[in-house]
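Alright, structures below, take your time with them.
In the two complexes that follow, subunit A is the common piece, with subunit B as its partner first and subunit C second.
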Partner chain A sequence: MSAPHPAGGARRGGARRRFLRNPLGLASAIVLAAVAAAVLLAPVLSPQSPDVSHLKDAFAGPSGAHPLGFDTAGRDVLARLLYGGRNTLGGALLAVLVALALGVPSGLLAGYRGGRFDAAADWTVTLVMALPAMVVLLASRAILGPKVWVLMVVLGVLVSPGFFRLVRGIVSGVRNELYVDAAKVSGLSDTRIVARHVLIVVRAPIIIQVALVAGLAIALQAGLEFLGIGSGDTPTWGAMLNEAFKNVQRAPSLMLWPGLALGLTNAALVLFAAAVRDALDDRTAKPRSARPRSARPRSARPRSARPRSVRPRSARRRRGAPGAAPAAGTSRPDAGALLSVRDLAVSYLTAAGATEVVHGVDLDVREGEIVGLVGESGSGKTQTAFSVLGILPEGGHVSRGSVLVGGTEVVGLPERAHRALRGDVVGYVPQEPMSNLDPSFTIGAQLVEPMRHKLGISRAEARRRALDLLRTVEIADPGRTFASYPHEISGGMAQRVLIAGAISCDPRLLIADEPTTALDVMVQAEVLGLLRRLQKERGLGVLLVTHNLGVVADLCDRVAVMREGRIVEAGETERVLRDPEDPYTRRLLGAVLDHVPARAPWRPAKGPTP
Partner chain B sequence: MLSFVLRRVAAGAVLLFVISLLSYVLLSIPGNDVGRQLLGQNAPQELVDAKNADLGLDRPAAVQYADWLAHAVRGDFGTSWFTGENVAEAVANRLPVTLSLMVCVTLLTAVLSLLLGVWAGVRRGAVDRAVQVLSVAGYALPNFLVTLVIVVVFAVRLRWFPAIGYTGLTESPGGWLSTVTLPVVSLSVAAVAGVAQQVRGAVIETLRQDYVRTLRARGLPPSSIVLRHVLRNAAPPALSVLGLQFVSLLGGSVLVEQIFGLPGIGAMTVTYTTRGDIPVIMALVTVTVTGVLAINLAVDVLTGWLNPKARAA
Partner chain C sequence: MTTNDHPGHEDSADRLDRDAEAAQVRAAQVDEVPDDALLAVEGLRVSYPGKGRRAARNSVLRGVSFGVRAGETLGLVGGSGSGKTTIGRAVLGLVPVEAGAITFDGERIERAGRARRRELSRCLQVIFQDPYTSLNPSLTIGDTLSEPLLGQGYGRREARGRVAGLLDRVRLPADAAERLPREFSGGQRQRVAIARALAIDPRLIVCDEPVSALDLTTQQTVLELLLEIQEQTAVAYLFVSHDLSVIRFMSHRVAVVHQGRIVETGGAAEVTSRPRHPYTRGLMLSAPVADVAEQRERRRALERPDGADASAR
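The block that comes next holds the complex of A and B.
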């Protein structure tokens, strides 16, 4: 019944608050309210009737009783502006209502039901959208007569596809959500589900679209009036602009007021829409940032906050425990190592200030050695790896410590110099094979390009090397893979390609960030075997970031266990796995089922037991 | 690829047929007495009937449409009811004006919004905010209002360009340039605002992709990442917005041609449609819808060329 809902009341209230706190949003809302009020109160506010004309007053400037002066026919500009607004805005309102009435129900139905109605509606919409609105409006004026209200109905029909597409898209996305399934299972009728769960989701986007369509309708209608094909002498902003433009040489100032009214109203509508969107985006941005891969920095905080609040001080105390990693800054960097990290801290600039996500990490990787960096997601191990490569996401930076890569200090190193190390001193094997290949380029192009940049070799030479590399990573048909696009190969192949890319410029150090996590078990074993072989053959130093202790046991010479941005234990793999000193490492090991003794097979009891 | 294009052309032809049928039916419904309109209130009824028969209006609507279609597919759009001009010729004479306008606007929009969008998306910060403000302003202000301001400032006050009139490109390239500059700029403002915003969004989205990080980790310089990989991946969404802009440009050109007195099909639309000159309206509907369909097809083909996944589908 009350399935969890993305647009719950409390969050919605938050969106409203955010909207009101946005100065542009507030200002646009005030302008819109003021315009609406002025237009509604036209009879009270106008100095005289909009049609009263005294030719002697033509082009007369402002005076006390007539603050905006008179137009070309000696009519009061303010009165025409106010009454004109009634017609202009009323017409736009009609168009929006027609568009809503047509677009929203059909969009709901098409999105919720799909099938034949969806296909037919989509085709109709394509047809309507291929029509140039202005031409159709002009044509319908010729047929239906110069009645503004009729034209606005036609305009409403023409812009209704916007609502249809919007609602249909959202609804068909929501249809398969779990909470809608839950509502279905609990026996709610389709009407109730649409009313309770679906309409709420589309409400806000519809508000945005209404503002945009209203702006469009006002602009188109004013354009029609400006062409002089509105309804005769009725005052509208477009007609006022038309009259003023005819006299642009004599009194260009007459264009000011209708132009201003039109511009201000439209700008307010668009800004209103933008502010609503921003207020809503803010809300949706948070869950989206919890995506594990690219946006780890922000998500690291809420995730690690939970365990920290459960066991606040014990983790800290443990750092000093005997046998754990040396305390930050106590040991000197190992200049002979391929990678030597000392007291590394990584911070992110957020709206609330800098947040540290890695708090003083020490780590060494020597030639020909595989070092595992283990920990749960959000423990900071990927951030540590990115710092070494200098590819921290936007807002992230190394706030303290030292990182020696092949003897070169990279903290504070200019980007260009750091870039020179990437590829030919340190290579990178990413986690998710598919998303790490550019979908628009062939595998070959993606292998050739860095080699030509880094090694300065010819295209033919790079191509030959790339084919060799593909053979090295045990790809059966290098020629075909070279010419393939990423979507044409399997995940395991893609990971091999990425490994080939990582070693293409002969680096001495490899940083592999969960290189097997996204792969099937069989493929995992193959890729690990490949990594080990390459490491042996080339004497590479490897920093293997993983959460899989099985992989560590299999591959790593040494291991460091990371938790909440700190290394809690480090040492020889065998020692750490057999005899963990840190309680957290013990818990990690405890979570691995491999060490649990197998249970005796179940035997059905046969007959009475003695 | 070829079969994809052929399929789309076929679908477009069907769409064009349906739209022309609908237009004809709608135009014929009110049964306005064209003969009466042409000959005036005082003309004797026999003459009016004869005129209607002459125009073929005494036949059933279905027959009229079939007749129109049979001629139209051969490029014969009949003669104007009001001026007696050959419709196909009249449209063909004005089409170059509108087309040259459209081509200039589209090129200018593509180049400017690419530059602005990439710059804003890559650099962020102040440049980004400036582009954002520009986009909202360009989007918020009705296009014809922007046009009016441009006319008042550059033609009336500064007198840099003529306020009105048109010189053919073949007559005098310089004259052509001075007469189309303001119309092109006027039409481009809103289009650039919309497309630059889209390019910016697509660039930012692409820069966040994992493969961009991996390319950086391979040691590629930012210039080659942005110019090759980001641009290529950000282009399809930008292109589709450019295609949509083209449709609204056709509407915008009606106003802009009217304001600048350009003898294009936009201005023609205003003059002839208000009179209810069905042969001309039908020809104009056919031409504009064909233009829209052609642009949509071009966008799809380009997208397929840029995006290997769409190509396979």
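The block that comes next holds the complex of A and C.
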């Protein structure tokens, strides 16, 4: 089990707000609170003791002092319902407490420490889980006596493995978080680390599990009582159902109240748990750009971008002299270019309204040239590349401008038509090779399937081509890589495979988004060399998105520097890197450490330092 | 030994060669542990259990020796999987040491127990690579910064009192204490991590790729901050990075780590401009420079047939 992303404190506050805004969550919380209050105040609310029985009142209907009437033995139904609730809910509470007491500390310990305790606890838990719950409950009733409390303690033991597993799974994930390491280095004791860093993460899932287990305990207990294997004459909702059922012909309404109480409580518990989960699991978080690299779609599978408004072309801003550098060129799209972007703007819909993150970008990539799009995080360079591919993350859309890919306007293009362009006109090399390969399929399958689909060729033919491609991207043993799963190959190899995939349907344009950022520097040099070779051999146009000016110098013919959603400078790579015109480009180049002198040798400190 | 036992003879000659080489390497490494080292690591070995019950252990470090003096920066550079990060983690006690000695200020610490480790954290601190996961997202900056102080037995109030001073030292606004990590950029978060490391005036900080998740312009300011702090406090840095240019900028001395061994050590200028070991040369030539003509030269050198050994791993 992977640890869920721990919710932040403010986010937690947000979670509370989200929970209260969810009508089902609010209603279920109110119902649970009302039931709990009624049951706790039973002595006050009951008209009489639940055990007082007047046979003359048996089956009597509601009256002023006895709003729900009397049962088969002439006892007040309301009183029995309220006191019965004490036993039923109290029993469930007991079961939950026992399960929590057993499962949570052991889970914390096993998850945090691991090792022998973990192994032993895991064995025990597996044993407990293998026990048939119903048989154990019945047997314990026979041995320990027909007491509701005893049954609930046993039930608590039986469900505690659920808590153990839940907590252990989350904690063993958190244990490896860097902030836990940092806390260790800070000298905090384990108890303190667990209290500060671990409990906060398991809190929410435990609340959810408690609600579910409480519902289960109530239902199980009521079921046993209903079958008559309960606790004798103690009033519980299940026992009331049992008695009522025996007289269902004579007084069907007696079934109603305990049934309603049970149904309402259980439904409220389930809805409560669901609402808590939804509130904590809020996925509508804004996709905007504090970390645009993580705003990437999780797979290379494209998602549609629906442009809200595309301004008519005549309304587009005219800018730039005719003789300007091609990348920041004239406002007229270059029909001869493989890729021609004009006045592109990308917006995201957030709670606060639309936020523009790319403000009017012009860019051209011609056949056989590599154009670098360079900038720091948040500059919009990846957003620009995603707009070309039509794979902007959810909430993002092209809000203005035009993107011509191989002469086809892709802004406003239906998803199906856009999909047709991807693969055989434009290929995509993503940033993180590993997360872009599906771990459950072999490399071969992931290369063959798209080719069969896009090119309509047979499996054998696609296989032959895939092996050829692997050889093309300089993989030493194509057959073995073909049959491997992604976890069996290295990151550099995976990136080669993805490059093979990107060129498998002979695209004319390649979009490479930080293709070497996740790689080791030596592997980076090899992959860059490979990209260069493929580009030359196939006359590809390449748009290379990167933050590394060295990569630009190594590979790109032209470069465009982006900052805060705008292109601040564009031109021949050699010229831009040698004498940059824009102050920001100068600052970027100034931060490069290539030619900074090495640090002078160490000298012992002269005197005592403060 | 008979003269016709030719292959055996060759074997022993080989062995002699190898022994001589090993002795040389050992001598070189012993030389690299200065007498006045604050932190001395000798023959450090670390291995992880292999997958499955009977699988062999994977050796990550195969005998690493180095020393860091007070106020000095030793740069550890290497590719991914070289073991450079494990060295830092072993010094901090975050991974078990298989063999070898780690001596801090004259005291052997490689087997220090939990209680001793907690005391040591007064002297030994860390800055991790990823400023996004090294700060607990649900604790305010103030809580995170007071953590090491609490660990050293400061009262809660006293700890909070020192936070403002720490924030000022890394040039973050004072009101940052009340805010959560997600409100800060990567560079600002890394400043928080630096402030946390500085909270109890440590004598050595392990910097584990502290700038590799940052933008270029942010990287520069963070590195300069680290240098400035070193000049003020004479703290020693064990600076781990894959980036030779960052290492060169930060380190007095550099150790190149490859496959769990240190293959080359020396002064920063010497190792990063005139590398002797082919692996170091490969590292240097592989890193692209932001100058077209110079990069063309580098690539030519890297792809030259006789440079093939340079990229051997």
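Before moving on, here are some points about what is shown:
The rule we apply is simple: the second predicted complex is superposed on the first by the 429 of 610 C-alpha atoms of A that agree within 3 Å, B and C clash if a C-alpha of one lies under 4 Å from a C-alpha of the other, contacts with A are read in each partner's own complex, and residues count from 1 in each chain.
Simple rule for what comes next: a contact is a pair of C-beta atoms (placed from the backbone, for glycine too) under 8 Å apart; a residue touches a chain by one contact, two chains touch by 3 or more.
This one's a predicted model, so the numbers in the text were calculated from it and none came from an experiment.
By the touch criterion defined above, A:464 lies against neither subunit B nor subunit C after alignment on the C-alpha atoms of chain A. By the touch criterion defined above, A:21 reaches neither subunit B nor subunit C.
Residue contacts after overlaying the shared chain place A:435 against subunit B, while subunit C stays out of touching range. Contact with subunit C, but none with subunit B, is seen for A:377 once the two complexes are overlaid on the shared chain. Within subunit A, no residue touches subunit B in one complex and subunit C in the other. For subunit B in complex with subunit A, the residues that touch the partner chain are 15, 18-19, 23, 26-27, 29-30, 32, 136-137, 139-145, 148-149, 151-152, 156, 208-211, 213-221, 224, 228-229, 232-233, 247-248, 250-252, 254-255, 258-259, 266, 269-270, 273-276, 281, 284-285, 288-289, 292-293, 296, 306-309, 312. Interface of subunit C with subunit A (complex): residues 36, 69-73, 79-81, 92-94, 114, 117-122, 124-126, 128-130, 132-140, 143-144, 147-148, 150-152, 180-182, 185-186, 193, 196, 199, 215-220, 232-234, 242-246, 248-253, 267-269, 272-273, 282-283, 285-295, 299, 302-303, 311, 313. Every residue of subunit A that touches subunit C in the complex is listed here, in rising order: 5-12, 177-179, 181-190, 192, 196-197, 200-201, 290-291, 376-377, 491, 520-522, 524-526, 528-529, 547-554, 573-574, 577-578, 587-594, 596-602, 604-605, 609-610. Chain contact summary for the complex, subunit A toward subunit B: residues 126-127, 129-135, 138-144, 215, 218-220, 222-223, 226-227, 229, 241, 245, 248-249, 252, 255, 259, 262-263, 266-267, 269-271, 274, 293-294, 389, 391, 393, 419-424, 427-428, 430, 432, 435-441, 446, 449-450, 453-454, 485, 487-488, 498, 501-502, 504-505.
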